[in-house]
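Each structure below is given as structure tokens.
What follows is a pair of complexes built around chain A, which joins chain B in one and chain C in the other.
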Partner chain A sequence: MNKEQYQKLVKKYEPQENKIKNVFLAFISGGCLGLSCQILATFFQNVLGMSTETSYSFVCIILIFLASLFTALGFFDDLVSKYRAGLIIPTTGFAHSMSSSALDYRKDGMITGLGSNIFKLAGSVLLYGIISAFLFGYLGVIFYG
Partner chain B sequence: MAKNETGIYLNHYATVVGPLEKKSHLEKLELCMDDYYFGEKSFEQAEIKMQKTALDQLLAKAELKSEDLSLLISGDLSDQIGVSSIAAVASQIPFLGVYNACATFVESLILACMYLKNHSKNKVICMTSSHNLHAEKQFRFPIEYGAPKKKTSTFTTTGAVATLISKEKSRFKLGNYTIGKAIDMGLNDTSNMGAIMAPAAAQTIYRHLQDNKMSPKDYDIILTGDLGEVGSKLLKEYFKTTYQIDLKNHVDAGSDIYLEKDKEKVLSGGSGPSALPIYLFHKVLKNKKNKKILLVATGSLHNPLFVNQKQTIPAIAHAIELEVIS
Partner chain C sequence: MIFIYAFLISGLFCMVAQILLENTKLTPGHVTSLFTALGAGLSFLGIYPKLIEISGAGATILISNFGHLLYQGVIEGFHQNGFLGLFSGMLTKSSLAIASAVIFAFLFSFTFKPKD
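Now for the complex of A and B:
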């Protein structure tokens, strides 16, 4: 059997992911997360009298805190692998990737371990996020002044 | 192929298994870990302690001291086989470190046979270990990161195994062996190691059968290490299409270690260099029907750096016969 034939065979035996189920779970979980954040933001605005911008920042901080806390408590990874994009796309995914790296590499030293590995997964998001923010910022200035 | 007529025996074995393996299809376990730390501060230290514990247990069983031994051959999955090297310091037995990923155990048995051929009065220890969370950190993602896994991916078994090999007669006789060739089928999916290793297993089994003029029926069981469910299906299919032989008595250790309820966690099955030996000692040899066994340890010689550079992954499989003398 040559390489091409074998690769075809491998494709045939690969169990298929249930994409519809994954999409549905991500939609529901991501939606619920978004809804609860909006409720929280509205609460901050109406009851505590915060401005819209400040309330969103507070919600964001709460999300990051909870995702990191639940990662450290050891059950957030199970939720992420179940709900996938529903929890990875919001800022919870970013917090989760950083706190899980931090937990792993803390034992390898503060500089050689934690410091140099905390952005192991989140580094690409940061780098390309900043580059695209820079580019789109220029485009915004050019087209809209 | 190499004939092994002089009679080399596996005299004793000692194992340490992890928490998930404790509640699995394995029987009559000796030492089990209640958690992945094993009383240590990190998973890496835990794996070192597992090897040391297995070795101490083996020496106690065989009533030997480390001075009585002339060679320790061991390997594991950590970078530069760090675990085995550090564990070897404590025993002060002359040490050979080996690495063939998950095929390490059979590789060490073969080396022991070669060594004993010329040093017939000596005693050799073959040891290997793997630790799920240590391997997870090394080859995949940080432990607490919930990366979605494909159904083809395998779950590294946690266990350490030490065996004593010598020419002294005992119940388990090591027979002919076949050293595998490194092959590359052009695959580089790290979450489907079974598919990468299956052709290596098929080629080694076929060469072994041809060289010894045997057929699969001559063995009670052909035991592969960690192909997983996907890899096992591929092995049978590959064997049938390429050599027109039906591998009916093939069992894969990794696919059968864990209970049905852990399926969601282990996906395609167990893997790692300790999967084959712990399943052999705590399942296959506990069944009296299994007299003549062909051990085929399969290894995916995967290096994260080369995978990132789009290099395809080579695989290897080594085979050795094990006969139970009643």
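Now for the complex of A and C:
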């Protein structure tokens, strides 16, 4: 059996995932998350009398808290593998990556395990966020003064 | 109206990310880094503040908001402290997300055991 035949065979037995269904699921789940967060923010603004910015900060903290808690309880991984980008692109993805690496590496010790691995996945977000913000900030200062 | 926009904006960002995940070899790590940088870029162009205005929490819960806050921190720092502010102001606004994620991850890693 040559290489091409082998590739064909591999392709045949690869699990076929429905792309359109995944994209649709990501849209719906991301949208529902955004909608429910806006409802919560409106509740904070109107009932508890918070300012707009404070209410968004509280919503953000609640989201991070829930994502970390659900990851620690063990069922957030299943949700992420089902809804994919719908939960990865909101801040929940950031919290999920951090708490899952904290949980996984804690057994290797406090410093060599937890301490050095907690930013393993979230580190790239921090690094490229800071680098791009610095470059764009530099440009912004030059352009807008 | 803000509710409809919240649904559409946050859904749209997630949909674009999912399309990237499906059709390229990028991993979720690539996509989240890309969207953070995209948020900083959109903030530079003045688009992201408008998105927050029309869609509220729909835009502030996304990872792009992290890039937006980093950029705003840099600009605000520059206006307050000059050149030094480019560095000292960077993390002021986004501190909330980083600190809370670190603290909750640390606490929950003690109170719960990893699932096998």
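In this text, the second predicted complex is superposed on the first by the 129 of 145 C-alpha atoms of A that agree within 3 Å, B and C clash if a C-alpha of one lies under 4 Å from a C-alpha of the other, contacts with A are read in each partner's own complex, and residues count from 1 in each chain.
Here is the rule we go by: a contact is a pair of C-beta atoms (placed from the backbone, for glycine too) under 8 Å apart; a residue touches a chain by one contact, two chains touch by 3 or more.
These numbers were taken from a predicted model, which means no experiment stands behind them.
Visitor: What is the contact status of A:Y13 with respect to chain B (first) and chain C (second): first, second, both, or neither?
Guide: first
Visitor: Is A:T71 in contact with chain B, with chain C, with both, or with neither (first, second, both, neither)?
Guide: Touch partners of A:T71: chain B and chain C.
Visitor: Using the touch definition from the top, say if A:L79 reaches chain B (first), chain C (second), both or neither.
Guide: It touches chain B, and chain C stays clear.
Visitor: Looking at chain A, which partner touches more of its residues: chain C or chain B?
Guide: Here the partner covering more residues of chain A is C.
Visitor: Check whether A:K3 is in contact with chain B, with chain C, with both or with neither, and answer first, second, both or neither.
Guide: After superposition on chain A, A:K3 lies in contact with chain B alone.
Visitor: Counting only touches as set out at the top, which of chain B and chain C does A:M110 meet: first, second, both, neither?
Guide: neither
Visitor: For A:L48, decide between first (touching chain B), second (touching chain C), both and neither.
Guide: In the superposition, A:L48 contacts neither chain B nor chain C.
Visitor: Hey, what residues of chain A end up touching chain B and chain C alike?
Guide: 17, 71-72, 74, 77, 84, 97, 99, 101, 103-104, 107, 121
Visitor: Show which residues of chain A lie in contact with chain B when the two form their complex.
Guide: Chain A reaches chain B through residues 1, 3, 6-7, 9-10, 13-15, 17, 71-72, 74, 76-81, 84, 87, 96-97, 99-101, 103-105, 107, 120-121.
Visitor: For the complex, which residues does chain A have touching chain C?
Guide: Checking each residue of chain A against chain C gives 17, 19, 22-23, 25-35, 37-42, 52, 55-57, 59-61, 63-65, 68-69, 71-74, 77, 84-86, 88-91, 93-95, 97-99, 101-104, 106-107, 114, 118, 121-122, 124-134, 136-141, 144.
Visitor: Which residues of chain C touch chain A in the complex?
Guide: Against chain A, the touching part of chain C is residues 2-3, 6-15, 17-19, 21-23, 28-29, 31-37, 39-41, 43-44, 55-67, 70-71, 73-75, 78, 86, 90-91, 94, 96-98, 100-102, 104-106, 108-112, 114-115.
Visitor: What does chain B use to touch chain A in their complex?
Guide: Where chain B meets chain A, its residues are 41-42, 137, 141-152, 185-187, 192, 195, 199, 230, 233-234, 237-238, 241-242.
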